[in-house]
Structure formats: C-alpha cells, structure tokens
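There are two complexes below, and they share subunit A, which is joined by subunit B in the first and by subunit C in the second.
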Partner chain A sequence: MMVWPMVVAAVVSAVCAVVGTMLVVRRMSLLGDAISHGVLPGIVVAVLAGGRPGGMLSTVGAVAAAMLTVWAAEAIRRRARLSEDAAAGVVFTTFFAAGVVLISLYASRVDLDPGCVLHGILELAAADTVPLLGVAVPRAVVNGLVALAVVTVFLAATWPAQLFAAFDADAARVVGVPVGFATTGLLAMTAVATVASFEAVGAVLVVAMLVVPAATAELLFRSLGRVMAAAVAIAVAAAVAGYLAAWRWNTTAAGMIAIVLGLCYLVAVLAAADGGVIPRLAGKGWLAWRVACEDVLAAAWRREEAGGNAAATPAGLLFRLAGSWLRLRGKVEGPTDRLALTDAGRGEAETIVRSHRLWEAWLGRNVELPVDHLHPPAEWVEHYLGADVRRRIEEEVGPASSDPHGREIPTERG
Partner chain B sequence: MTPQERLESLLAHNTLVVAGGVAAVGVAAAVVGCFGVLRRRALVGDAAAHATLPGIAAAFAITGRRELWVLLAGAAVSAIASLGAVTLIRRHSRTRDDAATAIVLGVSYGAGIAAISGLVARGVSGSAGLEAFLLGSTAALTLEDSLLVAVISVAVLAVVLAGLKEATLVAFDPAFAAAAGWPVGWIDAALTALTASMVVAAVPTAGAVLVTAMVVIPPAAARQWTDRLPPMLAVAGLVGFVSSLAGVVASAVVPKLATGPAVVLASSAAFLVSLGVRLLRTSRRPSGMSEP
Partner chain C sequence: MTAIVELHDVTVAYGRRPVLWNVDLAIDEPCLYGIIGPNGAGKSTLVKAALGLVPLSGGSVRFFGRPLDDVRGRVGYVPQRESVDWDFPVSAIDVVLMGTFHRLSWFRRPGVRERDTAMACLDRVGLADVASRQIGGLSGGQQQRVFLARALAQEADVYFLDEPMAGVDAKSQERILRVLSELRDRGSLVVIVHHDLRTAASWFDRVALVDMRLVAAGATAEVLSRENLARTYSGHLDLLDEIGRAMQTGRRTR
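Presenting the complex of A and B:
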C-alpha cells in the first residue's frame, strides 16, 4: 500500500463531490454524465498536441469539448426535433467514440492507455511527481488541488446566483440573476473536475464520483451548505476506503471507490433518520403495534360493559402478541381469547372507548352520516385523539351524553 | 498484415456470418430504440447497459465458462436488476430521477470494472477476454455466438412488430391509452424489457459504455426523414443495419480499433447526413409553411 495514490484519490474525489453537489441539486446529473464522456476528444487532442492528461492544455481542451457537447446537444434538440435526452445521447456517445477512435488511431503517439479512459490507473497517476517544497508530490495531487481551488473560487464568487438558480431558476431569471452564466460556469467546472480525475478514475467512472456523494448527503441533510460538506466528507472517506479495499483484493481502485460510494448511498437510503426506509417502516410498525394494543384493551372494556357477553378479543397474530404484552404489563388477565381488564388497564381502555364514542357523537351531530357509518371512522380516530381534543368535543356535544348508538360515553379520568 | 490482406481474411473467414448476426442486432436495437426516443426516454437503456458488466463478470466467475450465452444470461440478470434498482430508488427515496439513473449507472459500472480487473489480476484464464465487453469486439465472436445474438434480435423484432399497435399508442398518447383501458404500465414495462434485451444482445458488438448509442442514434437519424412511425422504424432499421456492418468492417481493417466506437461513428455520420438533408429541404420551402 502506498499513501500517495490514496491522496490522489481523495483530492480528486473532493473536487468531484463539490461540483457534483450543484449538479445533483440542479437536476443536472445526467448532463454531468454526458459531459464527463464528451470531454474525452478534447483531452486526447490536447495530449496529441503535447499536453499532459491532467495539465493545463488538456483542461483547456476538455472545457472546450464540454462546451461543444452542451452546445451541440442544444442545437440538435432544437433543429432535429428530438427530446433533450435523445439529443444528449447522440452527442455524448459520438464524442466519446471519437475520443476512443483517436486513441486507437494514434496509439503509438499518444501517452494514453485505453484502460485509462475506462477506469483510470491510480498508481500511474501517482507515479508522475513534481518536487514541491522538497517533497516529490504527484502531479495529479497538485492538479487536483488547483482544480479544487478553481472550483471553490468559482462557486464562492457566484454563490448567490447558484443558490437562487438551484431552487427556483425561473424566479432567478425574472429578477435578473445571471442564471445562464451560473449554469455554463457549472458545466465548465464539471469539465475541470473530469480532467482532474481523468488519470485517476477515467472518464466513465467520474459520474459515480460526481453524483453519488451528493445524492447520499442529500438524504442526510437539508441545507445546501451541509449537503456539500457532507458530500466532500463522504467522497474522501470512500476514496480512502475504496483504495484500501482495492489494495486488499488486488483490483482497480476506481471501481472499488464506486462500490464503496454505492454502499454509502444504500446505507443512507435505508437508515437516514429523515425519510429513510428503516425509520419509515419502524414508524409504521410502531403505530400498528400501538393500535393493536389499544384495540385489545378497548375490546376488553366493551365486554366488561356488556357483562361478558360481547365479542371476543380480536383474533390474529398481532393481537395475540399485543395481548401477551399487555398481560406481561399487568393490564389484562384471563384466557387469551377472552382477556379481562385489570384495575391497572381499565383507565387506559376507558380513555380509548371514550375517544371512540366522543368521535361518533361529534360525527353524528355535525356530519350527516347514517348511524351505521359512524363506527369505522371512529375506529381509526380513537387512536389519535388527545385529552385536549376530547375535552373540546365534549364541550360541543354536551357533557356526560351518550353516543349515537345510545351507549354511555365514559368520563375523563385522572 | 496490410489492410488489403485484412479485408481478404475478413471475407474468407466465417466473418460474413458474424457480420450478419451483428447487422441483425443493429436492426433490432434501432427499431426498439425508436420507442424510447419518441417517448423521451432515450437513455433508459444506459443504466442497464453499464450494469451488464457486473453480470458478465459474475457469470464468468461463478460458472468458469466463457460461452457467450452464459455471459449474456448474467448480463441480462444484472441489467434487469439495475432497472429494478432505479425504480426502487425513485419510489422509496427522496433522490430525483436523474440522480437515481446516474447512481445505478456509475456504481454498477464501477462494480463491473472492479470485478473484471480483479479476475484479470488473479490471472484467471480467459478473464482477459472480458475486457472486450467494455468497448465491444466482434473479432472473437464465433458462429454460434452470432447465431445467438441474431436469434435474440429476431425474437425481439417479432414481439415489437406483433405488438406494434399497443406500442404506438403508448408511445404517442399514453394518457389516452390509459383512459381507453390499455394496461399502459405493462406495455411500458414490456418496452423497457425489450430495450434491455437489445442492449444485452448488442453489448458484445458495441461494449457497455457505448451500446446505448445503438438504441438512440439510428432512431434519431430516422426521425429526420419522416413523421410516421412505420417508415421511421424502417429507416432506423436500415441505419442500424448499415452502421453496424460498417463498424464491423472498419474494426476488422483498422488495427486496434474497437467495434463499438466504429459502429457509433458510422451511425453518427448517418445522423448528420439525415439532419443536413432535412435542414436543406425545409430551408428551400417557402417561409410560413409548417414542417411536414
């Protein structure tokens, strides 16, 4: 294991994460994909003209190719009667193919490996060093840091416009914010990020490094500043972890970094506190459990009211489990299918039945529903009424009245 | 070998059969692609295309065999899984549609690259051949392989033509189709599955990175010639046929030229010619007249 390739991976990942955050929040992820393919001929021509894959000349070539990609896609969309995605599909595959063909035709003269295009060669990128303060630092690190500085300065300088364009591009245009400039600049920055990462991860995998950290961070945070900071942190961590995994299992670092990023995203989708799959399922499950417990208690209360002749405890696995739990808590006792309330459980049960009948009474008074239609909504609402609401309803329907079925509404306890 | 000799060996070998298979793929991919282009879902196949790689690598690693049908079966499984992943992300997360596609595309391509490089680094015999699926290579296709992809193409083509009415309706007016009681969701899924099948069948020719061009560019070219669907399907098929043949021949004649980029550039040329012809024709028409 070497440290420098890891540093290269971390730096270029950070550049991509910063640019990618803006692409993701502006719904331009696929444009980022198109550009990262489209810059290839620009880089190849620059290298043929004597530039280095990550150097100044290739950056100029890449930005030019990116602008050409975007311009051509827009021109084709307008003039060829095609939708945006079809136009982009035509252009970026053509540009990428042209780049690959150039490499194949001038293979002997180009210092570019086809493998470099497809997945980058991190060790090679780290091997080309320049002396910096007496230390041999990989050129890719220097280029990456310069790219990071360029991208950061650009975003900082245009931040209000970027922010406005990201959340309401139309409103921004109306009040005279230079949205077009902000957007074009962002696409140029995408090209800068692609060139900086080209040697390390290739032109194809850049899309993973652009989009996945930002998409992951977006699931975890709401404010744009935090999303960007988190995206950079995730990208750097994934770069380090991916490089170590690639070294351990002897494979391409760029591929492993993409896999680690994918795992980060998966974890965020599943576990994000705000909207994650697991918290959402847990919330639903907890609610179903609470409803089942309350239904068991209310059924026991009604049976008590009817002198033991009413319906049995609701059947089903969930209700059986709920019954066992309530028995454990000392709130019910007796045979499983005919649970009876204890003194400890009676109060809670009464509150639920009270909620139920109050709601029926309220519906009967205020909504013209037949009496036999009042039970089902009350069966739901009984689980959601708090003491305040119950009091308000009682004030409206009159104290100590009975429900529309003629049964007594229990009074509030405690 | 001189280009002359290459061309001769090309004609002598069973290359003609291989070229026939590849041309069938070109036709079927182009015809299926018309529906994606018309429905503004041109890039639906791109995520599936990149996702074929991990499937190919896994099929090889698990079975240890490298017959094309084994690898393509793996590719089909992972391509379908990727489409399922995109759908799941759209439904169950806050991530937007474009980012969902980009995530699945990028991560599955990375997984494929890591798996293939890992196999090659371990010196597993035959694993180096998997790299041909990145940019496409028809040089290694056997007679059976080209028969396989030709059969898939003909089958897909037959399904599309049999369901032409349904597909047309959903392509042009999904809201009406739904109101008229057509199972729009299922027709939609079937079209996506057919596109995915053609992407899988075309991966040996064009490679995972560029294969999406085979379902996008010929339909885009055909769109310049006509406004009606049946002629558009025919023109797209013709463009797909010619450009895949041209790509196969070019990559056989030019050393080190992968098939995928050659096929793509051939169809791009057809697109540019088509666009140029249409623009010339419309510019000659007196102003004020709408397009046909």
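Presenting the complex of A and C:
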C-alpha cells in the first residue's frame, strides 16, 4: 500500500467538502454537478495550450468554463422558460460532451486519459511529484493544499455575506450585502475545488465529494460551522477508508470512496437523532408501549370504581406484556385478565382517568358532540395531558365537577 | 420637505404583462403604513419594486430624495416567512446577527458588541430564551419574531415587512405590533404588507389600497370606509395547539 495516494484523496476530499457544504445548504447541489462537468472543456483547452491538469492554466480554464456553464444555464432558463434543473442539465452535459470529444480528437497531444475523466487515477496523480523541503510530494497534494487555502481564505473573507446570502438573499441585497459577489465567488471556488480534484477522482465522481459529505453532515448537525467541520471530517475519513478498501479488493479508489460516502449518508439517514428512521421507529414503539401500560392501569382503576365487576383488562399481546411489566414493577396484582391496582399503581392510574374525564368535560363544553362521541377522543388524548394543562382545563370546566357521563373526576394528587 | 419614500409612476411587468400599473405614492412621515389589497393584487411586488428586488418597467423610486444605493443601510426588509428555508442550519441568534452584517468590513466577524445588540433585539421580541435554538424548531410566530429582531438589529430608518402577521399566533401578533409601534414612536417609517381588512383598520395609521394599481392612499379611516374590529381569540386555539404538538412528539404537555 502506498501512503501518498491516500493523502491525495484526503486533501481533495477536504477541499470539496468545504465548498460542497455551502452548495448544499444553499440548495445549489445541482450547480455543483453542472460545474464539475462543465469545467472539462476548459481543462482540455488549457492542457492543449500547454498547461498541466491541476496547474494554474487549467485552473483558469476551468473557472472560465464553469462561469460559462452557469451563465449559459441561467440565460437558457430565462429565454427558453425552461426549469432550472432542465436548463442546467442541457448545458453541462453538452459542455462535458464537448470536452470528451476534444480529448478524443487531440488524443495524441492531450495528456488526459478518458478513464481519468470518468473516475480519475489516484496512483497516477500521486506519481507526479515535486520536491518540497527535501521530500518528493505529489503535485496533486500541493495543488490540493493550495486550493484548500484559496477556498478557506475566500470563505473567511466573505463569511457574513456568504451566510446572509445563503439564508435570505433578498433581505441581504436590500441592506447592501454583496450577494452577487458572494455567489459568483462561491461558484468560482467550486471550479477551483473541481480542478484540484480532477486528476485524482475525475469529473464525474467529484460530484459525490462535493455533495455527499455535506448532505450527511446536515442530517447530523444544526449549525453551519459544525456542518462544515463534520463534512470535512466525514470526507477525509471516507477517503482513507475508501482507499484502503480499494487497495484490499484491488479496484478503483475514487469509486470506492464514493461508495463509502454513500454508506455514510445511509447510516446518517437511519440513525440521525433528530428525525432519523431508527429514532422515529423507536419513538413510535415507546409511545405504543406507554399507551398500553396506561390503558391497563386505567382499566384496573375503573374496575375498582365499579366495585370489581366491570370490564376485564384489555386483551392482546401488547396489553399482556404491559400487564406483566406492571406486575413486575409492583403496580398491579391478581389474575392476568382481572388485574387489580396496588397502592403503588393507584396514583398513576387515577391521573390517567382524571385526564380522560377532564378532556371529556372540556369537549362537552366546547365542542358540539353527542355524549356518546366523547369517549374515543378522550381515550386518545388522555395519554398526552400533563399536570399544567390538566389544571388549566379544570379551571375552565370548574373544579370538582363530573364528566358528561355523570361520573366523578378524580382530584389531582400531590 | 423630501418624502421618506417616493414611488413615481412605478410600473412592474413579469414578461410583458404588467402586474402593477403606474403607482404614484409618497410617504412623508414616520407611521405604521399598511399596504392593503386582495391576494394577487401586487402588494409584495410593490414592496420588492421599491427595494430594487424586481426590475421596474417604468418609473423611479427615491428614499430621502436619493436612490436606494445611497441609503442601503437605512432601509430594512423582512420578506414573507415562506420565502426562506427554515431548515437552514443556523440558530435564532445567528439570524438576528445577520442584521449587523452590513456594518462589517471584509474578514470581520460579528464581535461582542454585535452579539449584545442581537441579544437585546431578541429580548425585545420576547425570544431571549430560545436564542441558541435552531430556527426550524421554532413556531411560525417565533420565526416571524426572529425575522423582526433581525430587522431591529439593523437599526434602520425605514422598514418594509411582507405579511408579518400571516400564520402567526395571537400572542406573537400582539408582540410584533407593539414592537412596530415602538419603532414608529422613535421616528422610523414602518411599511407593512397586509391582506386582512378587519385588522388593518385598527393597526395602521395610514394605508394604501392596492389592486394592480393604487386605488387609494391616506388616513386609514378615510381609505377603509367600513371598519371591522378584530375578533378576540378565546385561548382555545392556544390550548389545542399545545396539545396537538404534544401528540405529535409523543410527549406530555407541560
């Protein structure tokens, strides 16, 4: 295994993650896609003119081509009344195709591999070295670090404008924040990041590095600074992991890195504490369990009130499990289908029934419903009322009153 | 005396179709100024045209007798709440801080002074306790108040607010109206786009009635010939809202 290709991958991933964060939070991922493809003819022309991929000349070419892509897409959208995504789609695929055609036309004169365009060749990018402090450092690492510095300095210089323009461009424009400059600059930085990554990961897979780390980080964090820091961390980790996996299975490193990024995103979608699939399911399950336990307790309280000969404990697997759990906690006792409250369980049960009857009383006063329609909504709402709201409801319906069925509402316990 | 805002024969067209015809409007003194009209009447467009956010097909706009570019920091804008992405990863205080950004130079970040200003503005709209909350977690009324706090932090002389009362709870409405009145009392002009005739009559000092053109402008009572007083809310909505939210999260109310 070689270390330098891994360093190349980590550096370009970091650059892309920084720029990509701004694109993703501005909902401009599509423009990132367009730019990363649109730069190709710019790079090819620069190489034809004697530049090297990743060098100064091709950076200039790439930025020019990127600006042309964005401008053309915008112009088409306005004139042809095409939607934004369709306009961008038309333009960047055409630009990209032009780049591919140029490469094959001048194959003998252009030092660009079609495979390089598709997924880059990390080992090749790492093989071209320059001496730096006595160490042979891959040119791609130097280029990547320079790009990282340029991008970071630009964003730092324009940070308030970037933030304001990203969140609320109209209000920013009114007070004179340079929204246009911030946006154009961001697009140019996207081109810089793309051209720095081009040799290592190609024009196609660079999209993954722009978009996926930021999209993943956005699921996990709620402040822009943290999203960006997390995006960089995810990008670098995925670069290292992807490179190691590619080395282990002897396949393309860029492809493997993109797959690792995709997996990171999947994990974030499943596990994000706030709205992730797993926490949501867990929340639903926990709620169902709480409701079942409370229903068992309330049924036992009602039977006690009616002198022991009213309805049985609710049937069903969940209720039986809930009953067993409550018995274990010492809140109920007796036969499974006729559970009775212990002193420890009575207070909790009473609170549920109190919530139920208070809500029936409130509905009876405020909503035109026949009396026999009041039970189902109360059966549902009883599990959600806290002490404060119960007190407010009681204030409204009057203390020590009875529910619309004429049954007494238990008083609040201390 | 030069008007604070003067629209002279302003026409706005989308494509070739004018949506706002030849508006002549001058506002001379600080007040709560309502821009009233039905849906699709061009109220928002009128404000955006005044602020240079949509191109004018004809006419001109002046602030304090000068073009907007000369006085940008003195003019503040609160767009419709739906116009921004509330999932954006920033906290309430971060949004309010944006109000101070036009005073910052390159490489400068908001410092202690800006933070103090922002915090004081959040406090004025009654949201100091949610300063570090991500904005997506706030209620609609709170989001609108965060927007208002950002405008306050700007310390402008003229404010334009687009439907600040739309989809906002009664408590927030009251708070917003109070803060806007304070702004007027300190000498700012507050222009508010509003669609509800009932409340307009009691809230605004002066109004302009807009329906693709300027129908009438002047003192509220004269422009709105029939007055309908706002219906008072009984508090049931508050309660139902609170319980509904509890049910959504699966937790109990307070």
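In this text, the second predicted complex is superposed on the first by the 396 of 414 C-alpha atoms of A that agree within 3 Å, B and C clash if a C-alpha of one lies under 4 Å from a C-alpha of the other, contacts with A are read in each partner's own complex, and residues count from 1 in each chain.
The working rule: a contact is a pair of C-beta atoms (placed from the backbone, for glycine too) under 8 Å apart; a residue touches a chain by one contact, two chains touch by 3 or more.
Everything numeric here is computed off the predicted structure, so don't read it as measured data.
Chemist: Which partner chains sit in contact with A:D85 here, subunit B, subunit C, both or neither? Use first/second/both/neither.
Modeler: Only subunit B; A:D85 stays clear of subunit C.
Chemist: Kindly classify A:I259 by the partners it touches after superposition: subunit B alone (first), subunit C alone (second), both, or neither?
Modeler: After superposition on chain A, A:I259 lies in contact with subunit B alone.
Chemist: So in the superposed three-chain picture, is A:A161 touching just subunit B, just subunit C, both, or none of them (first/second/both/neither)?
Modeler: A:A161 contacts subunit C only, not subunit B.
Chemist: Which partner does A:R27 contact after superposing on A: first (subunit B), second (subunit C), both, neither?
Modeler: A:R27 sits against subunit B and subunit C alike.
Chemist: Which chain, subunit B or subunit C, is in touch with more residues of subunit A?
Modeler: After superposition, B is the partner touching more of subunit A.
Chemist: Answer with first, second, both or neither: which of subunit B and subunit C does A:H119 touch in the superposed model?
Modeler: The first partner, subunit B, only.
Chemist: May I ask you to decide whether A:E218 touches subunit B, subunit C, both, or neither, giving the answer as first, second, both or neither?
Modeler: So A:E218 meets both subunit B and subunit C here.
Chemist: Mind sorting out which residues of subunit A both subunit B and subunit C touch, each in its own complex?
Modeler: Common to the two interfaces on subunit A: residues 27, 218.
Chemist: Subunit A touches which residues of subunit B in the complex?
Modeler: Those residues of subunit B that touch subunit A are 36-37, 40-43, 46, 50, 89, 92-96, 98-99, 101-103, 105-107, 109-115, 117-118, 121-122, 134-135, 209-210, 212-213, 216-217, 219-220, 223-224, 254, 256-258, 260-262, 264-265, 268, 271, 275, 278-279, 291.
Chemist: Okay, in this complex, where on subunit A does subunit B touch?
Modeler: These residues of subunit A touch subunit B: 24, 27-30, 32-33, 37, 76, 79-90, 93-94, 96-98, 100-101, 104-105, 107, 114, 118-119, 204-205, 207-212, 214-215, 218-219, 246, 249-252, 254-259, 261-262, 265, 269, 275, 277.
Chemist: Inside the complex, what are the residues of subunit A that reach subunit C?
Modeler: Going by the criterion above, the answer is residues 25, 27, 156-161, 163-164, 166-168, 170-177, 218, 221-224, 226-227, 283-284, 286-287, 366, 381, 384-389, 392-393.
Chemist: Where on subunit C does subunit A make contact in their complex?
Modeler: 48, 51-53, 69, 72-73, 75-79, 83-85, 88-91, 94-95, 98, 101-102, 104, 106-110, 134, 136, 150, 154, 156, 160, 236, 239, 242-243, 246-247, 250-254
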